[in-house]
């Protein structure tokens, strides 16, 4: 990231992370961190105060203590763990299915123009329908069991994986393919040493988006019809007007989202290190 | 570049004056529709011969008939209009706040340092996780739905605008300092135009997200006129033809949104390069 | 930044209450008819709605507008609307959601009862192997969470030594639950009169009902006003209660039995369903606005049980909830002080009422 920028009086809008502005420079890195924490801390304090002083009616915002209480309770009776595991399992199953199929689809349509011209237009049209628009039809077809969740989450993952894989395979520079032909590489070797490395950044983008979509779709489908899971907890909290349960479940959803993003960033930077010439 | 090998070679072996619609050059044109047409044909056959349970797979004719009925009698047009109205309202509200905040964050290092952890945290929470909270704060009526749609549009608008501003090359900033531009001039003459691609990407994404949120809000919140309401009706009453019709309409609108946003973006890009 | 201004204006217009000169009286009803049509059933607020009795009270005041909102999400969705300040009256709100709302600080006043002894039905697909409540263990069952169905179900389960944890409950609104039951997506469903017609047509089977069982197993509903509205417009509140008591009088008179079923049939459920639901039961057994010792005890009991089942987090003060002066006034004005019978804490008849002498036309 850009460092060592000039620190003049004019606000210097550089890349998001960089040298802290003048006021905090004295505190150095700690100052930067402190700046980041100021607003969340202030909000948290304000929340605690207003709840305890009764400024906010509790149906708008229960005190933080109640939210932590809800977290503690659901952790103690095992509901939180089982709900989280159920939700994660569903995402894993759906994402895996969708990603594998998407990769296969993407490779075939990326490599073969014939296949692409045959299948791509239909696929593109179908993908214009918002994923959750398929849920009512799917409910009538397969009910509200696990198969509903896996199918819809799989579809949500399939779309970006397929699109990006097609792109990645298609965009392998001709020169590389020529080289492969010149070196008389077998099909398999071409795939392994030329196509794959070149396509990996795109494929990874697709996988990343697919996972994000899967997670989002999981929440919707669990809100609409479920017996268990984090979305179910939120829906339950809503039905029984237990806002603290809703907030507790949202916190867990946020933490999981964060973990997924961190994990993916880690993998992505690892991949980029190995493929230095590439701009993602 | 995308013309197939077949067409190219086919053309080269014929007299150049020949009409364009030779069989060889027709096939690549037909290819995109072969699979859909085959699929539709199979569907119709299966539905008519009873191979597929008519309760689950109505004939295409039944869907078309339902479509005509909905448009002429049952007022699906007003449902579509209601959904679009909500969508537009939420989109405008959310996207404008997102763009404004994105610009502010891009320009002010202080603001960015203060707010980015909060906004980052907000980004981690899956969009639909907000539904129960929003319905408890704003009710499940129009207000709640519009707020949710605005929230959906806000996130991509903010992120892309912010990146757009951050991506303005340092060189332009130094140039503006050399030319002694005021902050305002810098913003209007250099920064905004420079950030516009990012802003438009954000608006495009926000449009798509807002539409998804509209359908979702109608499925999850109170009953009201709208395409989501019709889907609920179709699901509860087992009217599969209505459901397929709704999916078809959703797809149409999705395509329309993408085309519209894409065309705007291209217009902008061509203006930039001129 | 014109867009920003426009957006702010648009959002403000949407969210702000209408700033026109008229006063709105916003009534909410927790439920919808078949395919979500805006009609209720099985109580007197539904009758008041169809007969436009509340609107009639304000016919000579053109700047007052009465609106009715029917909530697909039943009690919980109505609570959300109350919390957001979008409603003034809740007509027919079930016992559990009203108690939950009060425990979360919703400021409402309990004006009159809107129904009691409402039956709970357990329905299964026609060829289901499940034959009784005891066999529900481990199965997928639909139940609209947060509504008075939930507390009634919990009580029934308790009577059979089961708890919610023994069953895989999914929360579905009544139309979605019916669809899920019919298509086999769930193996059983707890609901109300909407299942009777389906059972008659053989689409589902009803294997249990609280009808004619322990009177404390029934569901209850009430008529509520927000504290804010009552303080600002006690006169309007009185008129609204007056209208509802009129509706109650009509709907509990046996002579009107068939007419009442026809009115409820506007919800899409056939009149025969209600005839079956009320078989061997007088209308007044369920339709009564009077708050007597039985009703007060029912609500206290429900509150305690809700807390025991984990549905409530705090204790709720029931006694201070009731504001019956409007009801008493309406009864006096309409000369109905002795129309309805009252019951003691155990559900036994305490005082007689004139309505017991009314007869159905066919009798």
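To keep things simple, chains are lettered A, B and C as they appear, and every chain counts its residues starting from 1.
By our rule, contacts are C-beta pairs under 8 Å (C-beta built on N, C-alpha and C of every residue); 3 or more make two chains touch, one makes a residue touch a chain.
Predicted model, so just to flag it, every value in this text is computed and none were measured.
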item: Most widely separated chain from chain B, with each centre as the mean of CA atoms; value: C
item: Between A-B and A-C, the pair joined by more C-beta contacts; value: A-B
item: Chain B-chain C separation of Cα centroids, rounded to whole Å; value: 41
item: Centre-of-Cα separation between chain C and chain A, whole angstrom; value: 42
item: Separation of mean Cα positions, chain B and chain A [Å, integer]; value: 19
item: Touching two or more other chains - residues of chain C; value: 80, 83, 176, 183
item: Chain A residues counted as touching two or more neighbouring chains; value: 59-60, 139-140, 235, 238, 241, 243
item: Shared-contact residues (touching 2 or more other chains) in chain B; value: 135-137, 232, 235, 238
item: Residues of chain B that touch chain A when the two form their complex; value: 2, 4, 28, 31-36, 39, 56, 106-110, 112-118, 121, 123-133, 135-137, 162, 165-166, 168, 170, 173, 177, 183, 191, 211-212, 215-216, 219-220, 231-232, 234-235, 238, 240, 243-244, 246-247, 250-251, 254-255, 258
item: Partner chain B, residues of chain C touching it in the complex; value: 1, 3-4, 6-8, 10-11, 14-15, 32, 35-36, 69-73, 77, 80-81, 83-84, 86, 175-176, 178-179, 182-183
item: Chain C contact footprint on chain B (complex, rising order); value: 89, 92-93, 96-97, 100, 135-144, 146, 150, 222-223, 229, 232-233, 235-238
item: Parts of chain C lying in touch with chain A, wherever the complex brings them together; value: 76, 79-80, 83, 97, 100-101, 104-106, 140, 144-147, 168-172, 176, 180, 183-186, 311, 313
item: Sites on chain A touched by chain C in the complex; value: 57-60, 139-140, 143-145, 225-228, 235-236, 238-243
